[in-house]
Amino acid sequence: MAGLSPEEWIVLTLSLKVSLVAVTVSLPICFCIAWMLARWHFPGKLLVDALVHLPLVLPPVVTGWLLLLLFGMNGLIGRWLSDVFGVTLLFRWTGAALAAAIMAVPLMVRAIRLSIEAIDRRLESAAATLGASRLRIFLTISLPLALPGVLAAVVLGFARSLGEFGATITFVSDVPGETRTLPIAIYAAMQMPDGEPIVTRFAILSILLSLGALIVSEILVRRIARGGRHVI
Amino acid sequence: MAGLSPEEWIVLTLSLKVSLVAVTVSLPICFCIAWMLARWHFPGKLLVDALVHLPLVLPPVVTGWLLLLLFGMNGLIGRWLSDVFGVTLLFRWTGAALAAAIMAVPLMVRAIRLSIEAIDRRLESAAATLGASRLRIFLTISLPLALPGVLAAVVLGFARSLGEFGATITFVSDVPGETRTLPIAIYAAMQMPDGEPIVTRFAILSILLSLGALIVSEILVRRIARGGRHVI
Amino acid sequence: MSFDIDVKQTRSGRPITLFCRTDSPLVALVGPSGVGKTSILNMVAGITSPDQGHIIVAGQTLFDSDTGIDLKTARRQVGYVFQDRRLFPHLRVRANLAYGRRAAMSMDMDDVLAFLGIGHLLDRWPHSLSGGEAQRVAIGRALLSGPRFLLLDEPLSSIDRDRKAGILDAIDQIRRRSPIPILYVTHDVAEAERLSALIVTMHEED
Amino acid sequence: MSFDIDVKQTRSGRPITLFCRTDSPLVALVGPSGVGKTSILNMVAGITSPDQGHIIVAGQTLFDSDTGIDLKTARRQVGYVFQDRRLFPHLRVRANLAYGRRAAMSMDMDDVLAFLGIGHLLDRWPHSLSGGEAQRVAIGRALLSGPRFLLLDEPLSSIDRDRKAGILDAIDQIRRRSPIPILYVTHDVAEAERLSALIVTMHEED
Amino acid sequence: ANERGPLVLAAASLQDVLAAAALEWARQGHPQPILSFAGSSALARQIRAGAPADLFISADEDWMNVVEKAGSVQAGTRADIAGNRLVLVAPLHQPVRLAIASGMPIIRALGSSRLAMANPDSVPAGKYGKAALTKLGVWTGVAPKVVRAENVRAALALVERGEARLGIVYATDARASRKVRTVGVFPPGSHPPIRYPVARLMSSRHADAEGFRRFLLSPRGHAVLKRYGFTAP
């Protein structure tokens, strides 16, 4: 495992970019959905919950196909995005990030929801007696107390994005430098009779990337755990 | 969407069997790993954590390939299983269940771990003063208090198993009645010129199955929530 | 008038009622365990709502089922010491004390730290405090939020005699300097008398 | 000898020590907040370990740093009423009370329910209890576990005067019938005297 | 005849035609072969891992070579069951006029759109397509416009949806789709011959395996393949 070839560098940095953008953009949305599912009661709740789980239940290629139908140039949203904002997702890294994000949503929502449901709500009313607005209570009490879940969501979402293949290739295909992430490069190599060494190299790169993410998250978890935990 | 054809029935019941077995068998193992990661401190902890995340990070086909290398007839574990127990996984539904379980592990471990970390450990020492053995404390205090995470794990794991495709097809191929689960049938239909109606039918079946699982889990969550929650 | 409270609420099937109109700036609420003292404070703080009635403190209507007034908790400017403390577990003692602190404050931080004896705890996490230490921090947090009135739910239950006296002295002084109304739940009638409070007793209803 | 305790432990940098050898079946532990009373009870219950010393209760050695004895909490047969209650939130009151119940029990369930006045709470969840109700359930849970000795950490802090008297009477009776040693933390010296306890005062060390 | 037929591992692109062939074979009174479809690469790996199967039908020669070299194939049982043609397709409602010839203006025909094909480095259909475009002298120019789909069907889907203005697929795929029209057929000389080899595996135990293999190579088998647009090998 010597230095990386320029091509490998491109795949690696693209994968990192796609995963980071996927997690960063979807995190706030996932938090909102998790909050809704944990705290609100509304008629269509079960449906929202089911919708969130959909990318987990359907085989990734189907999700990718649905994305193609919706976000392709001829898709409902795709055409609108392109007409109004001049944004194209198809065959672009942004499309790969969208696919990765969609596949990560169920995992992220669940982790965050678990943490929100574990919050001791009496602390929120205590904050209210101290004059804190709903926004301030959210930012200073609820959000920090839900942090373990948010962190778990980031780790799960990042790992899932790094590994996303089926939806991505179906939606945005394999365009070198644009949508050729690590799993797509790995898949291509697996199709070749003597691709196994390439598969191994790329797989090791994936593992190292996620190991890095895990180490960072463990450090953060430990930092959170210092406060807020019951001892004895 | 009239009645199901005999073939569709087979796919449906097989999918259900594979997913249920995958979740049931992996749940206790996932709980142990989650417990280890949440409560113990040991040198190789980060490595275990990384290993657990592996199926998430690697593209499913690679995971399937690794399973093939390990559990194939010529694989290390595969040969041993076949020599000692006469068990074959390759091309069998048991292999499909193994693939589904492996892919579900990271999600299940994380959910359970979050709940274990949220347990107020002072309650465990209170139980000890009441004469409870470690096993009894675990069964009557820790486990029930971790139930929200266990439930989330079951839902996530079941949904993920229902949707598992890449590792399954790489490991156990598409054998009708044995390994042809819903996602594999969907993929097969997508490869056929006029497969779209079949894809749609099967996709709707998948969604209905997971909706059923979600409804059951929501009912259980609500039942748990009746006790144990702080109000006001 | 300091307190004009007339409320009714049903809890676990039993009615909880209080009628109390007084000019006394300090009202001690006594009564057997489970009678509804904490429930009353929660209503005055706006954490729960009475089924009917009104709550007027220091001339301001906080709740009135007739006119539909129901001021949000955050806008009632209450200093509430909870029976179960409710310190924020993810914030150190210093940040807990500072949480509700208002600029236009009547109290000096150093004074409060001194008479509560919690100056040495500022950098500690709540989970590492002893019972009485946590209680004193909770008192400090409420006092430092610059409240218009105080709700104290057995605030001295875990505090030793000497310190208790010091804190009662301090509360006495607060009252003298800026006469904010105080609603005080206690099981210790001596305590109430020592503060020359109006004693309101709640009884079990059948 | 009921208690033979000689322990030392360092908490937040400050040493907590207690030396106490007595035949008195009831020892009241008093001292300022934060001095280490709860820490002592935790050591006697085996929840934490002393840095050094020994703990012998009713002739049984629970801990001895010299001989390396350190009995597990579950085997010490202690009835511990925690300062912070620690009711099991996922179990109803009835199941909380039954949790530690032993077959060869010295106490009658109905008796305990009666003098604590918690018979009507059996089907309630802990989170719905008032402060004093939770405290009484915690006392009941400890008494019903058939303990060899009792550790009571301010068990009556949130309980009204009348009920307090009743509970003290009951504890008095327990003592008379089966003389199990009791270590009792309180801030109320009158309470301690009323039970004719040996009063042990802990002081802050510098 | 025993209940279960032989287990046939076949390239996913042969699904419909092999299902039809198996049905026909079963109608002659044989147990219905069990067909297992996946990518040729996945199947080859499974075979090397000791998969107990009877026949392997690959989408190209390369993976059959791999399996043969690994010693998993019974000597003398390898044969080609069919051939195929490579075509250029366009969406039905966005017709493209382009004559397939050396130096054809394919880039201009694409405009701002893309050329969809299976991965030219790894997937058989893509490799043939790349060979053809190279031979016609337009590969270097068009390569940046290529989107590499997971397999031929996925490439076809992109053209069907109008997301790519042109695509390279097998003639059998183009024929089966009602949403694309064939722009032109690549001359047979422009790429290596497209062949689908079958072979009996070493692990084969089923008595009927050889029979089904021979059926596929027989005139009746060829008739089925022909019905689906495959050419004679």
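The letters A, B, C, D and E name the chains in turn, as written, and every chain counts its residues from 1.
Methods note: a contact is a pair of C-beta atoms (placed from the backbone, for glycine too) under 8 Å apart; a residue touches a chain by one contact, two chains touch by 3 or more.
No experiment lies behind these values; they were computed from the predicted model shown.
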Review point. Within the chain touch network, how many edges lie on the shortest path between subunit B and subunit E?
Key: 1
Check your understanding: Measuring centre to centre with C-alpha atoms, which chain is farthest from subunit C?
Key -> E
Check your understanding: Given the contact rule stated at the top, which pair of chains has the most C-beta pairs in contact?
Key -> A-B
Practice item. State the chain with the largest centre-to-centre distance from subunit A, centres being mean CA positions. Key: D
Practice item. Go ahead and note the Å separation of the Cα centroids belonging to subunit A and subunit B. Key: 20
**Study point:** Centroid spacing, where centroids are CA-atom means, of subunit D and subunit E in whole angstrom
**Key:** 79
**Study point:** Approximate Å spacing (C-alpha centroids) for the pair subunit A, subunit D
**Key:** 50
Check your understanding: Approximately how many whole Å separate the CA-defined centres of subunit B and subunit D?
Key -> 45
Review point. What positions in subunit B touch 2 or more of the other chains?
Key: 61, 65, 122, 125, 190, 230-232
Revision key, fill the gap. Among subunit C residues, those touching two or more other chains are 47, 84, 128
Check your understanding: Out of subunit E, which residues touch more than one other chain, so two or more?
Key -> none
Study note, to complete from the structure: subunit A contacts subunit E in the complex at 61, 65, 68-69, 72-74, 90-91, 169-170, 172-175, 187-193, 195
Review point. Hey, which residues of subunit D end up touching subunit B in the complex?
Key: 45-47, 72-80, 82, 84, 86, 88-92, 99-100, 102, 125, 127-128, 141-142, 145
Practice item. Report the residues of subunit E in contact with subunit A in the complex, numbered from low to high. Key: 39, 41, 44, 62-63, 65-66, 114, 116, 119, 121-123, 146-150, 154, 157-158, 161-163
Study note, to complete from the structure: subunit E residues touching subunit B in their complex are 7, 9, 12-13, 15-16, 34-38, 42-43, 45-46, 48-53, 151, 153, 173, 176-177
Exercise for review: Report the residues of subunit B in contact with subunit D in the complex, numbered from low to high.
Suggested key: 122-123, 125-134, 140-141, 144-145, 147, 224, 226-231
